[in-house]
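Structure in C-alpha cells, see below.
Chain nomenclature is as follows: A, B and C, assigned in order of appearance, with residue numbering initiated at 1 for each chain independently.
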Amino acid sequence: MISFSNWGEWMRHALELSATIAFTLSGVMTAARSRLDAVGVYAVAFLTALGGGTLRDILLDLRPFFWVRHVEYLWGVLALSTVAMMFMRRRHFEPTEKAIQLPDALGLGLFAAVGVDLASAHGMPALVAVLMGVVTPVFGGVLRDIVCNQIPAAFSDHRPYALCAFLGGWVYLGLQALQTPDWLALSATVFFTAGLRMLALWRDWQLPIWRVDH
Amino acid sequence: MISFSNWGEWMRHALELSATIAFTLSGVMTAARSRLDAVGVYAVAFLTALGGGTLRDILLDLRPFFWVRHVEYLWGVLALSTVAMMFMRRRHFEPTEKAIQLPDALGLGLFAAVGVDLASAHGMPALVAVLMGVVTPVFGGVLRDIVCNQIPAAFSDHRPYALCAFLGGWVYLGLQALQTPDWLALSATVFFTAGLRMLALWRDWQLPIWRVDH
Amino acid sequence: MISFSNWGEWMRHALELSATIAFTLSGVMTAARSRLDAVGVYAVAFLTALGGGTLRDILLDLRPFFWVRHVEYLWGVLALSTVAMMFMRRRHFEPTEKAIQLPDALGLGLFAAVGVDLASAHGMPALVAVLMGVVTPVFGGVLRDIVCNQIPAAFSDHRPYALCAFLGGWVYLGLQALQTPDWLALSATVFFTAGLRMLALWRDWQLPIWRVDH
C-alpha cells in the first residue's frame, strides 16, 4: 500500500482534489450538453467523479467505498455542481475544458497508480492490476457518456487516454518491482502518464487507425 | 432495522407489492415502445422492478439479495409481464400510466425509507444513507431507459422524482434521530414523499431550469 | 460443483476456449461497426467476452473472478483483438459471423450450465440459478451493445437466444435432480441448448410477436 511522508500525503491530496474537480466539471458540462435537468446534472457529476473508483472497489471487493470513508467527496461534488449550475454559461465551456486538461491528466496518472497499487496489494496478477489502474480513472467518464446516451469518448475519440493510464500502470509496477520508494514511484507515474497525455493532446497524436474497409 | 407490529408489516407488504407492480408495468410499457421482443420485455421488467434494490445491496455488500430471499418477486414479475404481453394494447398505455402514478409515488417513498434505513443500520454516514434511499427507487428506471437506448427520464424530464426521495430520506433520518417509532417514521416518510410527488405532478412543478445559453 | 474425469475437463476447456473466441470476435466486429477506436475495440472485446461471467460472480459474491484465477483469458482476449485489428477487413465480417454461430451456441449452453451449477452450489433457489445461467452467456453481449449505443440485440432481434439458455438451465437442473453424473448433465445441456439455438437459426424461428397496436 502507498504510505507517505507528510509531504507525499499532502501532494497526493492536492492532486486528488484537483482531479476530482476536473472530473466533476466534465460531468456537469456533458450533462448540460445533453440537456439533462438539475437532478441529471448531479447524477452525472457523481458518476463521473466517483464511478471509476467505485467499480474498482466492487471488482476488488473492497468496502467501505472511498466516498463512504471520506463523505466530504460527496459534499464536494454536490457543492461544486451547484456552483457550476449557478454560474456556468455555455461560453465558459470551451475555456473550462482547456483549463481542466492538466488536472484531468494528473488525475489520470494518480488514479492509475492508486488503482494498480490497491490491486497488487490485494494480490492481483500484474495485468489485472494494470487494468484496475485503467478502470479507476477512465470508467467514470464511460458511465457519464452511457447515461448521456453517447458512445463513450474514451472509446471513440482516437486520442490516447486509457492508453496513457495503461502504460503508466506498467511504469508503476516496474518501479515497485525495483523497490523504488513509494513517493518516487507515484510521482514518476503521475509525471509520466500526465506528460504522455499532455504531449498527445499538444502534438494531436491519434490512436493508430484501424481500416476495416479494404 | 425496521421492525413492525403485524399491522405495520401488513401495510409495508401491501405497499411493496403495489409499487413492484407499478415498476414492472412501467418497464413493460417502455420496452414495448422501444419495440423490444418478448425476451427484452422480461429483461427490462426485471431491471426496472429489481434493479434499484439490487444496486443498493451491491453497494452495501448485502447478500443474499432480497429477490433471493423472496423468489416470489421474480415469479411475480415473470407472471405479470406475461399477462401484460397477452392483454395489453397501446390504447391501454395512457390509462395505465395514470393508474400507476399513485402506487409508483408510494413506492418511491417506501423504497427511499427502506434504503435509508438499511444503509444507516449498516453504519453509513447520513448523506450516503440518503443517497442509497434515492438509488433504491430510482435506479431501476435509469437502467430501463439505458437498455432502451434513451436518456434516463429521471435525469431529463424536469419533474421532481429523485428529488422527492432525497427530501423524504432526510425526513426519515430526522424522525429516526427523534426516536420516532419505526412504523410512524415509515408512514410519515411515505406520506411526505408520495404527497410531494403527487403534488408536483398535479401542479406541474418543474425542476429549476438551468439556462446555460446566455 | 462440476467435477470431471480428465476427458470431461478437456472437453470443457475446449468449449470454453472456442466460446471465448466467438464472444471476443463478436465484440470486435460490433465495435468496428460503431467506429470505435483501438482502445474501444479492446474494451468492448473484454466486456463481451468476460462481462457475463463477471456480473454472475458479482451477483453471487464470488471472488476472485475467473479471469483473475486464469489471467490467460485476459491475455488471450488482448492477443486475439490485436490479431483481428491487424488482419480483419469488412469483407471478413459476414463469413466470420457465420463461422462463430456454432461455437457461440456451444458457449451459450456451456456458460448456462456453468452458471446454473455455480449458483445452485451456492444455495440459490431454482429460478435464481436458471437466471444466473441466462446472465452468464447473455450479459456480455448486452454490455457490448449498450457501450456501442445500440438496443441490445439479445432483447430486440426476435431470435431465441436467452430463451435457449433459460430452457437449457431447467434441463440442467432436472438432470441434476435425477443425480445424473456431472459430465452427462453438462454434455446434455450443451447439446440441448446449442441444438435449439442452431435449429432456431436454421428454421428462422421468431419469438412470438407481441402486437400492442390493436
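The working rule: contacts are C-beta pairs under 8 Å (C-beta built on N, C-alpha and C of every residue); 3 or more make two chains touch, one makes a residue touch a chain.
On a predicted model such as this, the values are computed, not experimentally measured, just so you know.
For the self-contact between subunit A and subunit B, the two sides draw on mostly distinct residue numbers; the shared fraction is below half. It takes 120 degrees of rotation, in steps of 5, to superpose the Cα atoms of subunit A onto those of subunit C.
Mean C-alpha positions place subunit A and subunit B at a centre distance of 31 Å.
Along subunit B, residues 58, 61, 146, 149 each make contact with two or more other chains. Of all residues in subunit C, only 58-59, 61, 124-125, 127-128, 131, 142, 146, 149-152, 154-158, 160-163, 207-210, 212-214 touch subunit B in the complex they form.
Residues 31-32, 34-41, 43-44, 54, 58, 61, 63-65, 67-68, 71, 74-75, 85, 88-90, 93, 146-149 of subunit C touch subunit A in their complex.
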